[in-house]
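In what follows, chain A forms one complex with chain B and a second complex with chain C.
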Partner chain A sequence: MLKINRYFKEIYSSTAFPGIIIFLMLIAINAVIQPGFFTYYSFKLNLLSFTPLILVSIAQALVMLVGALDLSIGASISLLTVFMASVMGDSPLSIALALILALGAALAMSLFNGFFISYLKLPPFLVTYASSAIWFGIALYIMPTPGGYIPKPFYKFYRSDFLGIIPIPVLILIGVGVIYFILSRLKVYKHMYAVGGKEEAAWASGIKIHATRIKAFLWSGVFIALAAICLVSQTATGDARCGLSYTLDSVAAAVIGGVSFSGGKGSLAGAAVGGVILGLLINILYFANVTSFYQTFMKGIIVIGALVVGSVTRMKEQTIS
Partner chain B sequence: MTPVLEAKQVRKKFGGVVALADASMTLEKGEVCGLVGANGSGKTTFARIISGLIKPDGGELYINGSKVDLQLGFEAEQFSIALVHQNLSLVPEMTIWENINLGREDTGRLGFVQIDKAVNKAHEALKELAPHLSVYERVKNLSPSQKQLVEVAKALSKHPQILILDEPTASLSFDQVKRLFEIINKLKKQGTSIIFISHRLPEVTEICDRLVVFRDGCSVGVIEREKINQEEVVFLITGKRGEEIGKVKAKPESGETKADTVLEMEDVSLGDSKEGINLQLKRGEIVGLGGLQGQGQGKILLILGGLLSPTTGNIKIEGKSVVIRHPRDAIREGMFLVPGDREREGLFLPHTVFFNLIYPQFSQRETKFFLPWKELESEANRIIDMVALVPPDKNMIVSNLSGGNQQKVVIGKWLAMSPRILLLNDPTKGVDVETRANFYQIVQDLAQKGASVLFYSTDTDELVANCDRVLILFEGKITQEICGEELCKERLLEASLRGGDIAEN
Partner chain C sequence: MAFNGWRRILVSRLTITILIILLLFLLGEIIFPGFMSLAHVMSILRLSVFLGIVALGQTLVVLSGNEGIDISVGSVVSLGVVVSAYILGGENFNIPQALVLVPLMGFAIGLANGAGVSYLGIPPLVMTFAMGNVIEGLSLIITKGFPTGQAPSLLEVIGSGRLFGLVPYLVLLWVFFSVITVIVLRKSKWGNILYGVGTNSLAAELSGVVVRRFRMYIYAICGATSALAGLLLLSYTGTPYLNLGAPYVMPSIVAVAIGGTSLAGGKGNYSGTAIGCVALTTLNSILVAIQATEAIRQIVYGSLLLALIAVSERRGG
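The block that comes next holds the complex of A and B.
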């Protein structure tokens, strides 16, 4: 009994606790409001739109763990879709080239942000806000209006099923799980928590602070690239504006999932759950016939709300200690 | 035999401030060498240089007889040197085992961290120091002394050839210090060389085979074990002789009455004990709060200072009940807190001494529109004189002062407002002997002028030297009061340790 009590206490005191409760509530509301929520069809439909969101949430969580923030995530995803839609043709070679280009560009953008933030100690908010303008500018220069070409086999693939039953996004998420499993067992993952949690302590333990921050940004770049590939498969077009909403979404999802703004606290899994929660929320707004302007408005409220919940739990913790 | 470590004329500047001018020392195999000196004499900088954390500007370092290229920023691990940090090197959000292995996790063939191995390593290291601590506990949930023990365990787990302990006992209890010394002696027998940095001279004389004394960034002397005596050490540290440092209490003249009660706590609950705290503080009296670490002494001061709200009970000042919900309330009553963590709670580090001294007055002074700068400046100068600040410059940036002088600024800011009650929360932690004496003098002067003082200290000698009487706390209760002839170190230690027995009876 005692053990179970302790287990519950662990859940209750974890930063993800508010998230879990909200998650269960949202499933219930969705089940009521969305026709056929539990059918295979709508499960797959939700999955298609949730996957990029989950990926960006993880990408955001990674940089938040080391005490930074990436406000350029949305713009970099847009730019990546533009790149891919420009490069892709019908040949498998061009598709492969586009994917490699997407990954390379994502890593380069993350490296850019990471360099200024870790080596030059510039504030992450400003650096990534400014770099988002750069990415957006480049994307608009290449593709002022949505367009480009995404071959049918490519975007069909994202919507198809493996062995006729398992949707491809499920495979992608399993792949993400594997990446997470590997990452969480690497030294650098522990070092990221240390750098974000208490930089001075990490330094005194012989950890290379700058390198660790840069690595966090690079890992984040991997997830950004994956998100962009999923998104471009979903929309089948290159669009300089298509990713913009992901900036706020990713921050919201990470915060809902219990990732702390001050760094070193929370988990990637939490952020992923946060992404699903946010997806369910957006679903509710959609099926309740709320206009898209109002959706944006609501998202803003949600982020503030999630921050308030986070700070309340933090204050609770402080009074205990 | 070649010494394990030999440092010659190590120099280091931070910005324009010279931290080390000319520091040399040698360390033999299986020897405990004490490093003593006032605050800001460069001990910590020296320790960090020989453990490879910072690069010196000049000097030579030989390890096992071979020269180390300091300019490259050498890897101390490779030479098996471990430093126990003064400012904790633990990450609060991480578990004990993660912290102990931090930065040198063992990885398997695939590059994965071997968790089992790491946990075992942590167990092993912690076994003797703190056997009851679970390695899965997060560091943020530990008490300061437990954190310090984990910090020591972290260094021990490296099985170093040279172990450097930078003020390891500052937050440890009597018992824990004893256990640490047993471990040091065992390591010594196994051939580990140890550098022990401390301000507590009795400890240094007990454990060390040899002392190296630092003053103003230079190593000024070496004292062999047979010749270690406190007087000589104090002379080398301060460069002054013939002054009695530390014994300042003018014994109360007989017939002197301290009649009026200034502060009274009636059944004030500290939260974790059913019984409340009852205490009375008379005018001009210095009352010590003693006992083991963390028995609620700090909480009493925080409640009085307005940083914690009491759950039940009554606080009276000069007979009138007062409600203290905010530091503002305490300040209005003339009750001022000198916090334990001066850097976080007592000072604006990036600002000048002047600003730090006068800011409490901003909210108190009745002014029309402008602050009377001239008046404030002369007041600041007066306080600087009073506390004997070194250097006596009101335009110094506080973060550039040594720890002891910073503490003088903290107490100085209240002096201007003529305190009625002063709450001292372990104020001399990490402060050197000379500055301590200085600080005691300030407190005694205040008491003479009629201020009352509540003095919490982890240093028993300090309580004996300063207090009229000492209250011993145990688990949030006052278990004993020691005063008069009984007030001596041995009696205080005994009462602290036996707190539990008395509380149960």
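The block that comes next holds the complex of A and C.
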């Protein structure tokens, strides 16, 4: 009996506890309001829309681990969709070129943010808030209204199934799992936690602080590019505004997933689960027939709720430890 | 001694900003003859008032430290506009009611911001960003997409009237607010506490200030001033529109940075911000006049903010 008690206590005091409870509740609510939630079709539909959010949440978690934050994440995703939609044509070469451009641009933007934050030691919030305006401005300059061209084979691919049964997003997420596996075996991954947790201690033990921060931003750039590629496949258009909501969503998802604002705590897997939780929450808005006037408000409340729950959990953890 | 004094004035931030404003006006005059006419200068000053009032709250929030910043100001201004119009309904006798309720509404929103920042430890930019979305949604719910009501005649006189046919009443109001703010910040005990909290919150806490509560109320004041700016904006436009506040968010932060207030908190004053507001409004007028698109403005403001923080916010080392 005592053992069971302790077992429950352990679950209860874990940072993941509220996440797990919320997750189960959300599955239940979604199952009730979304017709055929457990069918293959529905699963695939949810997966298509959750995948970009999951990827952005991982990207955000990466920079949060080193004690930074990227508020330009949404604008950079928008800009990448604009880039891809302006470069892509029907030829495979142009598609390849667009994908390379997206990855290159994502890395360049992350490097830009990382440079200002790490080497010039500027506050991450302000830097990325400023760069967000720049990315958004450039995207808007190239495409004042949504448009561009995404070839049909390209966006059909995202919706297709591998071997006729495994949806492509599943393969993408497995690929992400592999990247995560490799990354977690690299030295830089441990360094990120060290830099985010106790910078002085990390410095004293010979870790290159600046280089680690920049690398975290670059890895984040890889996931931003992936997210943008998925998003542009989903919407089949370039849009200077399509990514903007991902900025706050990714922060909220990472926080629900146990990543702390001060850095050094949480995991990429947690952030990914946070992304799914947020996706399920937003789903409710669509399937519960919330009037469009209420959607912005409700979505905002959900995000604030997520931030509050995440912060309260963090406080609980602090008082326990 | 005297030389040093002059030198300090010459290279001070305020002087540089004023010089930049003059340069901007010259540039404007070259592109559009008549830009420097007294009437046009006055109308630029009047346009600066709304940004000025928003940036007043922003300055206080930034001064309070802890990476303090409020980007929900835009949504609160927008909400202020539509709620003012709704309350006023074009009737003069509703003005006192609006003057009380609208800032109170902003105060309540700011209180929620401050609670999230101070008591839950959510970073100010994240908290106010999220709150901004909620408030934007609230505007939509209240108006159902079509704002109703309008400014009554008396308010329109304040919004578009000019003293002796020259100085807009709004500018006089702003000067009044500015003087009060600068004096309160410099001379009052409250101002002292604010600087103390911004520079060293631990020392402030030890000297008996409840820092968390104090910061929370600073956000509340910022909410109130933003809502008031919405009311004043309505007095100028006459009829309400949605999202009138959005263009003020970025400039309010840039104005604070131009004015020499450290974005790390604890240093600076409103006088600098006010001059910064005039500079930005002048810049914006030029951008509007040369038909720069929203895209160009975003890039300009983003680069400007980045340059300003790169120059003044380096944490050293």
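FYI, the second predicted complex is superposed on the first by the 293 of 321 C-alpha atoms of A that agree within 3 Å, B and C clash if a C-alpha of one lies under 4 Å from a C-alpha of the other, contacts with A are read in each partner's own complex, and residues count from 1 in each chain.
Just so we're on the same page, contacts are C-beta pairs under 8 Å (C-beta built on N, C-alpha and C of every residue); 3 or more make two chains touch, one makes a residue touch a chain.
Note that the coordinates shown come from a computational prediction; the quantities given were computed from them, not determined experimentally.
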{"item": "Touched partner set for A:L186, first chain B, second chain C, both or neither", "value": "first"}
{"item": "Touched partner set for A:M298, first chain B, second chain C, both or neither", "value": "second"}
{"item": "More chain A residues in contact [chain B versus chain C]", "value": "C"}
{"item": "Partner chain in contact with A:S205 - chain B first, chain C second, else both or neither", "value": "first"}
{"item": "Which superposed partner A:L248 touches (first chain B, second chain C, both, neither)", "value": "second"}
{"item": "Partner chain(s) touched by A:S132 [first = chain B, second = chain C, both, neither]", "value": "second"}
{"item": "Partner chain(s) touched by A:G197 [first = chain B, second = chain C, both, neither]", "value": "first"}
{"item": "Chain B-touching residues of chain A, taken from the complex the two chains share", "value": "182, 185-187, 190-191, 193-194, 197-198, 200-207, 264-265, 321"}
{"item": "Complex contacts: residues of chain C adjacent to chain A", "value": "67, 69, 71, 116, 120-127, 129-131, 133-138, 140-141, 144-145, 250, 253, 263-264, 293-303, 305-306, 309-310, 313-317"}
{"item": "For the chain A and chain C complex, residues of the former touching the latter", "value": "69, 71, 116, 120-123, 125-127, 129-134, 136-141, 144, 247-248, 251-252, 261, 293-301, 303-304, 307-308, 311-312, 314-315"}
{"item": "Complex contacts: residues of chain B adjacent to chain A", "value": "53, 75-77, 83, 85, 87-94, 98, 102-105, 107, 111-113, 140-141, 154"}
